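Multiple structures follow.
Shared between the two complexes below is subunit A, which pairs with subunit B and subunit C, respectively.
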Partner chain A sequence: MLVICLVIVFPLAYSLWMSFADVNLLRATGPALELFGVRIPLFRYVGLQNYARLLADPLYWDAFWRTAYFVGAFVCETTVVGLGMALVLQERFLGRPLMRSLLLIPWSLSRVVVGLLWIGILDVEFGALNGLLYKAGLIESYVSFLKSGFSALNVLVSVYMWNQAPFATLLLLAGMQSIPMELYMAAEVDGAGYWQRLRYVTLPALRGILFLILVVSTVNGFLMLDLIYILTMGGPGNETTTISWLGFQTAFQFFKFGPGTAILYTLTVLCLLLTVVYHKIVFRRLEAAEL
Partner chain B sequence: MRPIALKRRANRTVVYALLALVALWLVGPFLWLFVTSVSYQRNLLARPLAFIPPEITFDNYRRILGLVRFHAELQAAKILPSMLNSVIVAIAVTIVNLIVGTTAGYAYARFRVPLKMLSLFALLFTRMLPTIVLIPAYFLLFKALGLQNTLTGLVLAYCSFTLPFTIWIMKAYFETIPADLDKSALVDGCNRLQAYYRVVLPVSGPGLVAGGAFTFMLCWNEFIVAQVLNTKLGTTTLPPVIAGMNAQINIDYSVIAASGFLSALPAVLLVLAFQKYMVQGLTAGSVKG
Partner chain C sequence: MERITRRSFLQTTGLLGASAVLADGVFHETRADKPINFAGWVFKPDTVKDYVNVYNQKFGGQVTYEAIPWAQYHPTMETRAFGGEVFDVMYCAHNFRERWYDNGLIRPLDDLPGMDELKKKMTPQNLESLKSKDGKLAALPYFTSLFVLIYNEPMLQQAGIKAPAKSWDELVEHSLKLKKDKVSDHPFLLNWNVSPSGTMPQFMTDAFSEGASVFDAKNRVIVDQEPGVARAMERWQKVWKAELVNPEVLTKTSSTDTHRLFWTGRYAYHTNHSYYLKTIAGEPENSKLAPKKAKMTMYPGTGQTYMWTDSYAINAKTKSLDDAWKLARFLGGNLAGDWYVQRQWCLISGLDNPYPEMYEHPDIIASYDRWVDLKLLRKQYEKGKVIAAYKEPWYSEYDVKAVPIVHNMIRGGVSVPQGLKELVKLQKSLV
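Moving on to the complex of A and B:
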């Protein structure tokens, strides 16, 4: 526990401090904290200046709305595709264990590799999707999917979804296994068709897991960074710059740690707020259901 | 009877069609990565594109393994050392996690730990926390401590991200083992530690495998932290090296695909080998990943 405090709480506090400070990495002098002979620079305290500049910056707000779109689209796609795959895999068929193993493949890949292999599919010169569409006669010449900002953003959403949805499917399948067969039999006796059974038996039973997927994919969507690095680097222009990329860029490409950590902290607060809001909504729902 | 039988058959057809679609969606891109990695770049550029490669070559693999000279061999020469770094870091973090994480998980599952709820909540909180917010702090702290560009620093950083997961997974797992087992061991004259090591751990194999494999996978695949903290040549892990190759214009995609496929293989094989335990462990601990 002490170790965890040391490796998480201290860095956390330190970066919170940085978000209120004027961090200059080149200057070796200035206030510092001496701990066991190690000199940890403290930098000059500037109060809310980093945050004030941030909130006045139109670039930040652009990134904010882009992130909102990204997260919204990502959560929807992950839930829908995850649920769809779970429903298909839930059916009885030959080779079911094999199919469940296949689910783990996209999820166990490094995001660097995920990015790479989708470059192989979407690239404007050698992409397989372009090859396929060209062969089918649907396009005259190869399309650059990452060239226009909006399509690049949607590509990012879908690629990340490809990586993450299988995990949602795994959770949903585990949940479906715990639904008693009798419920389905009873529903069938009552004359319920496939869609009615889905609506009145399966989905209500999976409410908890769906909520979990919602929360997890929201947080993951906010934090997605590595795929942007591989696929678009925030471009074209700034059109795929989300808050996490903006923070990363500010801190580690421009080495402005103060504003960078401030951006990342707004992100942290957003994530936590949303988690709390989700919790509230679901608890109210559950209470209402019990009444 | 006939219309019903007909409908059944139609349903089956629909199910298998959907299954084929799902399978293609899950594996197709990964298979294509392999196909490109054994193709010549010129065949990938050909129009119309041949989906079954007309020529198969292992030249790309020979290039990245340093067996054949080519124009970007300096870049490619980084792959094997960085792979070794990846292995060292991932194994070290896994070992630390298995020792510290399981013991802490056991303590949470069995004892009244002071501030139990608070500390558990703190653990949960760290899972919701964006790890990137910690990286600037690590960057400066490690610089002050001389841990920048060292594997030790990377291990330390990874432990801080992975330990909360491991503790939660193991806590959930130990809670499924009846507490009577420890009690009878205590009655038989073991002390707490002996009861843990001699009785509880040996029956916790699946949980340990799940936690260990998951930790290894996370470390093996991690990119951003390694990219930022270990920038010096020869100190970083595999993902940043591959990302660096990808950013260079003069390297053929087929070569990058080969290195990507090579780097993906260990994690994929590991997950497939231990899938039974991992799925159990993860759905129990319901981890973000």
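Moving on to the complex of A and C:
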């Protein structure tokens, strides 16, 4: 219990406090807590000022809507692609074990490596994708995928999906293997085709796992920072600046730890709210059926 | 054979002991007796380790060195200072110096022995830039740099252009011709990367080259009152619209990544920090434009470009001030009359320094000759312009938040007068 308090509860409570304070790490004098002989500065309490300022800042709202788009697109792509890959890998074919192993490679790569890898693929000068499209005669000159903000944002979504979808596939495959074969056999006897079996047997049985994937990918989508750091640094302009990047910038580039923490806490609240919404959507029918 | 008696044994050992003590006294001045912690951002950390080893061996130091990734260097140093850790000597980028000084993390150096002599040897602009707002010297120089214009000589020759552009109009004209003749897709590579070393220093450089000021004497942004800034921005819009610049430069995340594009030999002109010419024109293993196919030419217009000085600072809480100062002087000046580290940075990486006498050293002259016209580079340095605005507490935030405004202006998302007004408004909102 003490360990949990030290490792989880205290940092959470302290960071929450910081979001209500004017924090300058280099001026840690003033009121402080003493914990096991360690002095923990409390800085100057400013009430809701940090939150009020960010809610009045148009940059925050721009980042908010951009984040909403990013998370929405990322969750949809990850779920659909993850499910698609799981359905393919559930079928019997030559090389299936190898494919299942290869699947995990993108997920196991560090995101800094993923970012650098995709720079190599998408670069307007030497990118492999441009070379491929050019040689196939599909483009007349190399395309800049990061030229406009919307295109750059979609590149970020796709690269992150490439990195994260294998995890969704892994979870869904595990779920599919726990579905009793008798259910499929019974459906076949009833004359159900492939899509009907998917609709009425597979997807309902995967409801719990889909909920998990939705929650995990939503949280991951909201918190994604490293790919932005490597690929765009929030540019061009502000057009790939999400809330997590704005929070990071505010805290670690402008050294405004109070407002930076406040920005990042709004993400926490959003994640919690969406988890509740997902729970209601995914389990509504199940609960209704049980009643 | 002489017999060893108790008395002769004691006399001999006593003499030996006394001589050891005396000898220690003699060498005491050159031997540090306290350990020193030294931290820097990651740039050639093995080379820095070598410097530390040389220092420890030659001057009897006990220095331990830690390299911290560049991107998180300053926040890391602040959080570690917050945790009570003391790095006696630290790298410090120019735009963090005032913050560290003002908050008591680093100390002034004016009272330390030999400082007056070092000040006399420094160029006045660099000396001024190393001072804090209260006029005290906050650090010693790690290196200085400024923006230069680099051109791809074989490409210009291929297009029948006999000499590099001497004016902005000529540069744009060359670029249009190179694009039209399909010699280059994007002939002009401006350092518009999104990091603090890219777009905004480039913005100031081009403003200075038009004879304009970006800040007034009170460090307020005055770009909306300067016709030269508007001219520079109109030119940027023009080169963007004519697709003379690689659009992806807007999402490059560092000046290093940007200069690497020039290695390919697919661009005609490039503006970037002076030391990048070392890898472009001096490293055939990396760049297609080495050896010396890429050259620098004087910056067009007034020739003035943005110059800055990064530094070594001493922790205000150091418990070994004498030893910290000795190390700082070894790194950022001369110790025992030797400019070892400053000289080595020039030789190894083309990192310039603010001590002009360094460029009279035969090794440095020979080394620079392999990749740049040193006389021209020194002439460009005479045109280097430093600012004082980075000493203001709002500067870091302004520097980052101004980038999207300038990028929008470049891409025509906002008109030049409107964009310049937005920059002024941004600065006012942060004061």
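Simple rule for what comes next: the second predicted complex is superposed on the first by the 273 of 291 C-alpha atoms of A that agree within 3 Å, B and C clash if a C-alpha of one lies under 4 Å from a C-alpha of the other, contacts with A are read in each partner's own complex, and residues count from 1 in each chain.
Quick note on the criterion: contacts are C-beta pairs under 8 Å (C-beta built on N, C-alpha and C of every residue); 3 or more make two chains touch, one makes a residue touch a chain.
Values in this document were obtained by computation on a predicted structure and should not be read as measured data.
**Q** In the superposed model built on subunit A, check whether subunit B and subunit C fit or clash.
**A** clash
**Q** Report for A:249: first if it touches subunit B alone, second if subunit C alone, otherwise both or neither.
**A** Only subunit C; A:249 stays clear of subunit B.
**Q** With the two complexes superposed on chain A, say which partner A:110 touches: subunit B (first), subunit C (second), both, or neither.
**A** Only subunit B; A:110 stays clear of subunit C.
**Q** Would you check which partner chain A:124 touches, where first means subunit B only, second means subunit C only, and both and neither mean what they say?
**A** The answer is second: A:124 touches subunit C but not subunit B.
**Q** Return first, second, both or neither, reflecting whether A:230 touches subunit B, subunit C, both chains, or no partner chain.
**A** both
**Q** Once chain A of both complexes is superposed, is A:144 in touch with subunit B (first), subunit C (second), both, or neither?
**A** After superposition on chain A, A:144 lies in contact with subunit C alone.
**Q** Look at A:134 in the shared chain and tell me whether it touches subunit B only, subunit C only, both, or neither; answer first, second, both or neither.
**A** first
**Q** In this superposition, which partner touches a larger number of subunit A residues, subunit B or subunit C?
**A** Counted on subunit A, the partner with more touching residues turns out to be B.
**Q** Clash-wise, after the superposition, say which stretch of subunit C runs into subunit B: 22-30, 76-84, 166-174 or 418-426.
**A** For subunit C, the clashing option is 76-84.
**Q** Just which bits of subunit A does subunit B share with subunit C as contact spots?
**A** Subunit A residues touching both partners: 123, 125-126, 142, 229-230, 251-252.
**Q** Can you list the subunit A residues touching subunit B in their complex?
**A** Subunit A reaches subunit B through residues 1, 3-4, 7-8, 10-12, 14-15, 18, 38-41, 85, 88-89, 91, 93, 99-113, 115-121, 123, 125-126, 128, 130-132, 134-135, 142, 162, 166-167, 170-171, 174, 212, 216, 219-220, 222-223, 225-226, 229-230, 244, 247-248, 251-252, 257, 260-261, 264-265, 267-268, 271-272, 275.
**Q** Across the complex, what residues on subunit A touch subunit C?
**A** Result: residues 24-28, 59, 123-126, 141-142, 144, 146-147, 152, 229-241, 249, 251-256 of subunit A touch subunit C.
**Q** Can you list the subunit C residues touching subunit A in their complex?
**A** Contacts found on subunit C: 71-72, 75, 78-79, 81-82, 99-100, 103-105, 185, 194-195, 246-248, 250-251, 253, 261, 264, 266, 396-397, 400-401, 403-404, 407-408, 411, 413.
**Q** With touch defined as at the start, can you tell me which subunit B residues reach subunit A in the complex?
**A** That would be residues 15-16, 18-19, 22-23, 25-27, 29-30, 32-33, 36, 41, 44-45, 47-49, 51, 100, 104, 119, 122-123, 125-126, 128-141, 144-145, 156-157, 159-160, 163-164, 217, 220-224, 227-228, 239, 242-243, 246, 253, 256-257, 260-261, 263-264, 267-268, 270-272, 275, 278-279, 282-283, 286, 288-289 of subunit B.
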